[in-house]
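First, the structure itself, so that you have it in front of you.
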Amino acid sequence: MIRVVVSPANIDLAAEMALAEANGVGAVATFTGLVRADPGVVGDVETLELEHYPGATEAALEGLACEAQTRWSLASVTVVHRVGPMRPGERIVFVAASSRHRGAALDACAFLIDRLKTDAPFWKRETRSGTAAWVEAREADDDAARRWT
Amino acid sequence: MIRVVVSPANIDLAAEMALAEANGVGAVATFTGLVRADPGVVGDVETLELEHYPGATEAALEGLACEAQTRWSLASVTVVHRVGPMRPGERIVFVAASSRHRGAALDACAFLIDRLKTDAPFWKRETRSGTAAWVEAREADDDAARRWT
Amino acid sequence: MAIRMLYFAWVRERVGTGEELVDPPASVATVAALIDWLAAGSPTHAAAFAERGRLRAAVDQVFVSLDAPIEGAREVALFPPVTGG
Amino acid sequence: MAIRMLYFAWVRERVGTGEELVDPPASVATVAALIDWLAAGSPTHAAAFAERGRLRAAVDQVFVSLDAPIEGAREVALFPPVTGG
């Protein structure tokens, strides 16, 4: 099963886990990314806004999910990414990989989130003390994504 | 936060996730192990029974959780392990690690489940076609645990 | 043939629109040449595209480097490095 | 001094009990020697401990190898390799 969702709706973790577990598998690895308040010199993050490239974003995530499923023979791959405005503590992204044994699920989960960070067209804009600013890409993300090539 | 639970109760995933997320963190990685029916020559698994060493098991899990928290500066570590009889599809184990960034959470989650497999005193007994048999340890588990030393 | 340009994040804000139709001459053969051609025609575009090293591109929704050809392209997107997850 | 022996999984089944108190002589200095002493005193224990390579041990709830000393130990557990998770 490949499940890719890009949506402004809250991410329902229990529902996503139930889908990932519903395959008679032995192992489910997940990663959840949350909005951090991340106090800075100009105050805490009040709002985080996620912009995406409709069509291309979904295609990129489906491509990643297929690549993971083929590479690790997974029973299921889930990638749910929120877009639009959100607040600290809310979920931005949820990825899950399920398989018979744990090694494949854990590796695929790390692969999915590392590659998502560099390969999927999303852009973050933070608002602190009423002022919005685009978040800069992290070089560490490129390094993490390169591990898998 | 370190949370270690060894109990015959069902693992409540949503409640455990809520605890792991309640620290203003940016990343939560989880691993869930499920009972597999795992069809074999003597039929499917009907029941899986988990025996443990009361006291020593909890201490071993707390030791692992502390080691992970120190090694990766985690905001929270959760290890919940079920004991007693259970059926295919039910959760045996849930581990979660949360941190600011994803690398620490993902690595700590893999560490916890790899080391739990070799260092915590649990024993599995499967019943297939009415006959119970103790599950043999896998050499692959020793190899996975050694990665972290 | 007209190309549908898409802009995202601060590129969109600096260009002042998320989408426009453009019709470059046939001599404009790559994404980089397209950027040069757009910048030459408008100070707003020139300012938006000033930091060439911070621009990324997709041609017909496929991520490409700036030296990629645009022959036959129907949609070209320009945007900063991605920051999802 | 008496030692509380604990047995788990198939070791428990083969010994026929999960727990017993034993009082080895002072010359029994290691876990391996304790196993030998128990096996010498009872055919059931001898059978349960026959595959020495498949036995693991803990002394006072700390995992140890079979050549570990048992001086002062109050609790010694014998069991197969663990299979949790």
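By letter and in written order, the chains are A, B, C and D; residue numbering begins at 1 in each of them.
Following the convention adopted for this analysis, a residue touches a chain if its C-beta (ideal position, glycine included) is under 8 Å from a C-beta of that chain, and two chains touch if they have at least 3 such contacts.
Bear in mind the structure is a predicted one, so any value in this text is a computation, not a measurement.
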**Fill in**
Grouped by touching, with subunit A left out, the other chains give B, D | C
**Asked** If you average the Cα atoms of subunit B and of subunit C to get two centres, how far apart are those centres in Å?
**Response** 49
**Item:** Rounded Å distance between subunit B and subunit D, as computed from the means of their C-alpha atoms
**Value:** 26
**Asked** Going by the touch rule set out above, which residues of subunit D reach two or more other chains?
**Response** 85
**Item:** Interface hub residues of subunit B, defined as touching at least two other chains
**Value:** 33, 102, 113
**Asked** Hey, which chains are touching each other here?
**Response** A-B, A-C, B-D
**Contact set on subunit A toward subunit C in their complex** = 33, 50-53, 55-56, 59-60, 81, 92-93, 113, 116-125, 134-138, 141
**Fill in**
Touching subunit B in the complex, subunit A uses residues 13-14, 17, 21, 24-38, 88-89, 100-103, 105-106, 109-110, 113-114, 140, 144
**Complex contacts: residues of subunit D adjacent to subunit B** = 6, 8-10, 58, 61, 63, 77, 79-85
